[in-house]
Every structure is written in structure tokens, then in C-alpha cells.
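Here the structure is laid out as C-alpha cells; the discussion comes afterwards.
Letters A, B, C and D mark the chains as written, and numbering starts fresh at 1 in each.
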């Protein structure tokens, strides 16, 4: 790939540019030395403005109702796409793949989570899983959160559990015979997950692996929404060289 | 109190000197510059050896069946006592007090836990409790432990809960509406307690306090049994100046 | 002290009410069930509005140039004061004391730091200091901070060092014979202090105590400025029952 | 690879079997369901006992003076080797490669560090390095350690620094203008490394990555020497299917 820089910056369009996430994308891409924002659109705007502005990559943080129409236009016009909008069923992904079949040079990246640290933590947890007898997850969030455990922690636990099964590991030994109800946490498949809720916390996840004589801990601390932007910018850079559909930021990290 | 030093070391006797804890006391007191071990006894030995050797303070890590007889002798003979042997009911404590009534100059310290760090952590947790909206406890132990939560963590939680009640605090707000069974831990009074079990861990306790914008964490890590010795030596030094019965190492720390 | 509640809330005035901190005080006191904000003033406003509104306690987050005039007025008119404005020399404190001499029923609390967690962490560190052979401090801040170590960490280290000296402790043993310049941190008196700077961090301090077999860690994490408000509200409540000058939030905590 | 199990366990020989590490290998391999220890030798014993016993994989924790002779024998006789003995220069490695040229089916694994957690932590740190603006390393050890920073921490920092250079990253921004000497730690290439020394600690390493709004932390805690055994056993299993010379446990982990 011809490295892009200040001389020939990536021409970025943003859909949902006035939304909470979109506005941050405009700001982040505008501040990146290797990008220039050439078009910012919102609901009701004519998508043709993207092609007229010469956009190469378009970032979509819009709405499940709008995103499929947007994608159809982008692929048909040969624009690459980075999508943070939610609501992609397997059926929707299949539709996107069918559009891409006719445009093999176009890349589309759809990711439910652009927090690089969270994605890396999950990936490392998956990689470490088969080397340790036991593992537990602690996630800590502010006390306004409704679900316990968090979706990220539950997903992490399932990835770990799958890696352990594939390596033929049995559940970690646990000598607990007397437990006050709930002390040992929730079981997500064979992984214990503990949810702490305190004002003053934001969003934190800790994965603890142990075997005789040593422990390995992977921890991600997320302070605010700006933490998603490096992942979005990375997606913009990477999608240029990755034709076809990619699902999940972890798949463009080349770990 | 006349400070004791190398010139006039405290004369220490040890009961249960060949036991696991007693042997460490002999070693630790023997290595302390302000102490000298003058007598080491075990089951079956004549207690008179203590007075003959001129012991001032006697450390007892023996057995619930033996400790009351030992204490009766020590008090009667004007020897101070530091006791780590377990099994003291309120009735037993009352008996010790009655013996001490006739010997007002003698000091007896009975402590269930000589781990200074654990005692300090509990104390600080008690002190911090009334300043925070919410608090949770995480305790982490090796996976050969039978009970969850640990006795220390449950005790810590009860002390915190009591301090919160006395300050008129209500249980911390918790917006959890969807909980996978056990995720939010065990409830010890109004405090959530989470128990992690992993090989590679030893004995660790973390108390997390939170309010909008900040958290305070107190953590104790115990690696092995030698960690009790500084508490025992402190008890030996302090009991000399504290006539009467004292229960709990925290009560000689002057915090 | 007659406990104040919703029926007879504390009547609070705020000086510097449109300032960054003052605005938060107005909001926080306005939201507290046992307080009511009766006057909000800024530079140029007539202080008489405070007495006219019947304020009992006045919070001052103004400017070193303004605060002495404000305090003279408050004391003369029998209003209690909670002051977060900086720049109090010993000479200024002496002046405040002289004003209070003629108004023995008035309370003034001047505090350089209203972050409860930071104040508690320092206090606990001071209390724990004499029980441990060694101690080190790690402080972690965002990478826009100009000084290393932080003022809070340096102050904490000095308090610890003083407590160690008073207990007759020597500097902790350190076998380092081969050190890459700076690896062992800065020495603040006899305490090693390490400063970490990373984007993504906010303001964090960790005090680690160690002796054979165990460590005790006290950690404070501050996420944002709202974390000062519980300390300010506590000051408002406590100053009512504490006539005279009090310097430092730690002195109203009754630890 | 034909998976080995209780029915056809891997036949393991141990050189240096009475040494500190060797004795643990004998114990660990003896306890593994898929291994059986068929020969245990020490200095002076005839290496022929290994072939007579039908050993397949031989573990060598001996001495730099002995290890080359041992390896020459093992390769010549078609035995696989797992080597923890230190002192391998590039010249020595070249010699081993020349022996293996004539025995292409034999595998030799030479590793300076068998602590799985340390190896994984380093690997993950290398992988994460290019995604973050800034990174610092904190390593914490008991206070009997002579060098600061530790060899592992310095090695980790160099790997991170190399990964950052390869990704074209500049040193992380640092606004420090007023530094008490040493506060910001040692610089290992462009990575700040902080060394904490306290009794009660064992061996711990923490790598902190940060960018606006989030941090990622990888931490390894090593409690004792037994923590090397899972890495050794993994080496024994993996060397069977990896002919030729492999240097470093990380290269058999398939991350």
C-alpha cells in the first residue's frame, strides 16, 4: 500500500456527522495528519455529495434504519466504508457480501467496538487462555449500569471459554465447599465473572489468569468516548488495503 | 515506658515453641535487637521454667485445650502474655478478666489476627466507610480455599457496614436490573463481596470505595506466614505498657 | 450539634459562584438535602447580600487577591467560612486568627485540597508508616502535567518520612548496586517517588508499604473535578460545630 | 503430531536432576499425565544412560561448562532437547545449528526464560506497542535485588521500543518541565522504566499503554520458582514436533 501522508491525505467522508460519535469522527479525522475530511452528511442529505467531494473512505455512525441504504450506495460507487452503526444480523452481512461480490476492489469494515484497548485485551485473553489452569474476569463500572456482567466482559469470557475448550482444558479446579450465595461470581460458560458497581468508576475490565506460582493480568480502563477514535482512524487507514467485508476491528490489527 | 533496647532487652518466653507459628516466633524474637528469648516450652514442659528464666512476656501459640491453663499460670506469676491461640469465647475472655482483676499490673493481649497489613486495612476501611456513597470488597485467594468469601473479607465487610449504619448512610445506589446470577457478588450486610480463586494467588484483599469522580482503594497482599511476625513482636513490645486485657491487635496500634 | 436536615437546611452562600469550582459548589450544595443555597456572588457584588440572605456558611473559591477581604467581612458578621482559594501564607493565617479572636463562635475552614480520597490516602499513609520497613510512592498522571512528582505525592512522601523519623525508623534497606539513572525514582526525604505520565490517565496516587511476606497498598484515583464536592459539603457541615480556624480537611474528619 | 497421553507418555530424561531447577523438573514431569521420567542424571554420570533408558526428550538445567557437551551427545543420538542452562552466545548457537544440520529430525529448544507469564506479557506488549501513543514500564521486586531495572523489564522495554520504531511512532509526548531528579524513571531507549523495591514483593512487571481516554495494562506476578515448570513442560511437548533449533519460549507458543 502506498503510505498516505500529508502530501496525499486520505479523503474521508462522514455520515451522521452531527451525531455524538460522528462529530468526534469529524474532529479526529480532521486532526489526523494523513487524512482530510471532504464531506460531512446527516439524515436527509444527498449521498451524491460524497462522490462529488471525491471521498475515498466513508465513516458511518448513523442508525440501523439508514445504514443499509448508505452501504449499498457506497459499494456501488466504489467508496470504502468503516461502519460503527449497530444492528448487523448475519442476514444483513450476507447482503453486504453480495453487493461486494460485484465490486471486488471495495473494502467494508463493520465493527461493534472501536475501543482499541478493549479489542486488544480480548485478543490477548484469547491467546493466553490455553496456557493457564484457571481464569476469572472482573469488570468494574459506574453504578448507573443496568446489566451485570457487561456485554464486553461476557463476550470476553465466551472467547476465553472457547479457547480453553479447543485446547482441551477442563474448568479450573475450585475447592470452594462453603459459598455465601454469589461470592464466586456469575458463570459465563466455565469462566467466573465478577461485576463491581461504584460511582467514580467509568468502564474497566480485568482478566486474571493463574497457575501455580504466577498470575497474568490484562486490564483495560476506558475513561470516555474519545477512546474510540484511534480505532476508527485505524479502520480508515486499514480498509483501503483490505477489499471485501471485514467484521470486527480485531481482524485488521494483524496481531 | 522505659524504651527497651539492646542494653536491656525484653525477656521473652515462647509456649508452643516447636509448633509452626511458635518456631517462627522464636526465630523472630531471637533476631529482634530489643528482645532476647529466655525460655522455649512445648506441651508437657513445666511452666515454672518461665519464671525461673526470668521471662517478662510470654507468647502463646499452643492449643485451645492448653491456653487457659497457661494464661492462669502467667497472670498468677505476674508475666505478661501475647496470645495467638484461637478459641476464645466471651466466657473465656471473662475468666481471663477475672484473673487479671487480682493482678492489675499484668497485661494480656489476645489477637485472632497478627497480620499487621490485614489489621490496618480493616481499620482504614472502617475509617473511610462513612465518607463514601458506595463500597465493595474483592478478595482473591489460591484455589485450594474452601470458604468464599474469606473470614477476613466477611469481617471487613461487617465492620464497614456497621460504620456506614452509624453514619446514617443508606446502601449505595445500584442500577442493576439485569443480573446473571452471582455477577454482583455476595451481600454481607449491605456490602457486596467478590471472591476470586486462582492458583498462583496467595491471600489478597481489596476494598474499593467510590463516589462521583473518585475512588479510594485499600489493598493487602499476604505472601506467607512470616508476615505475622512483625505483629507478634509489636504485641510483645506494647503489652508491657498495657495492663489488663486487650482483644485485637488493632487496639494496640494507637491509630 | 443539632443535626440539620430537610426541615432546617444549612443556609449556604457561595463566593465566586460563576467560577469553575464555585459553579460546582452551587450545584452540589443545591442538590444536598440538608442545604439550601441562599446567595451566589461574584467579583464586584456587594458582600452585604450574604447577610441579607441569612447565609450561615459561606464557601469561597475566589482569588488570592479577594479572599482576605471576604474573610474579614464574614468573620466580622458572624458567618462561618469554608475556603478553597489558595495562597494562604502563615502570615495570612495569623491575620485570620486575630480576626477570629474577637469572634470566638465563628468557624473558618481553609483547605488546599478538598478531594476526600486524597486526604484520606495521605492520612492512612501517615498512620501506616511506622509499621513498615519500607515504602514507595507511585503517582500517575496525564502527560500534560508539568511537574514530577506531583505536589500531592511529594507532600504525601514528606508526611510519611516524618512519621517514620518520629518512630525511629531508618530508611528501608535497598540492595541496588547497579542502577540505570533514574530507575529507582526521585528521593523525597527518604521516600522513593515514581512519576508515570500517560495520555488516558487522569490523576492517581499509589502508596506501597512492604515488609517480609506482605504489602499494603493505598490508592486514590481521581477522575474529575466533581470529586472535590463531597469534601466541600463535608466542610460546610463540619465548620458549623468547629469555632476558630481549622487548616486542612483532614482536621475535620475525626479519624 | 500424534497426541501423547497416559497410554504412550513422552519419555523424559533430566540432566542436572539434583539441581534446584532440575529437581523441580523431575517432580513436574513425573506428575504430568502425558510424561514419564525415565532417566535422571547429574555431573559425572554417563550420558549413555539416557539412550539406554529410551529417553525421547532431555531437559538440561546444568552449567554453561557442561551444556555444549551434553547437547552434542543428544543431537548425535537423535534425542530432542529442552535447555534452560544459560550462557548461549551467538557462536554457541551456530555450533548447535551445525550439529543439527546432520540430524534434521531432531529438535532443540533453548530458552533463557521459561516463565510463561513473563514471556506472554512481553509478547503482548510487543503486539500492543504500535497502537498506543505512550507506554511506560513499572517493575516491582523484593529489596534484595541488585540491579534496577530488572533484566526482564529492560528487555521488555527494548522490544516495545523496537516495535514503536518499526511502526514509525515518535516518543510519547511528555510535558514535564520541572522534574525532581529520577522522578520520571530510567529511559531504556524511548521507554520510561520505574523500579520499585520493597520487602514483601517477589517479582512483578507492569506495562502501561495510554492514549486519550483509555489505558491498557499488562501485568505479570511471579511468586516462586515453580512458575517455570508449566513453561518447561510446554517446551517438552512442543519440541517433539519442531525439528531444528528454536531460541526463546515465545517461538513455540504459536501466538
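One rule holds for everything that comes next: a contact is a pair of C-beta atoms (placed from the backbone, for glycine too) under 8 Å apart; a residue touches a chain by one contact, two chains touch by 3 or more.
None of the values given here were measured: they were computed from a predicted structure.
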{"item": "Minimum number of chain-to-chain contact steps, subunit A to subunit C", "value": "1"}
{"item": "Chain located farthest away, centre of subunit A as origin (C-alpha)", "value": "B"}
{"item": "Centroid spacing, where centroids are CA-atom means, of subunit B and subunit C in whole angstrom", "value": "32"}
{"item": "Distance between chain centroids, defined by C-alpha means - subunit C, subunit D (Å)", "value": "48"}
{"item": "Of all residues in subunit B, the ones touching two or more other chains", "value": "200, 209, 211-215, 221, 223, 227"}
{"item": "Contact graph of the chains (line, ring, star, complete, other)", "value": "complete"}
{"item": "Subunit D-touching residues of subunit B, taken from the complex the two chains share", "value": "200, 202, 221, 223, 227"}
{"item": "Sites on subunit D touched by subunit A in the complex", "value": "115-117, 120-121, 124, 127-128, 131-132, 209, 211-230, 234, 253, 255"}
{"item": "In the complex, subunit D residues that touch subunit C", "value": "133-136, 138, 140, 143-149, 154, 172-188, 192-201, 208-215"}
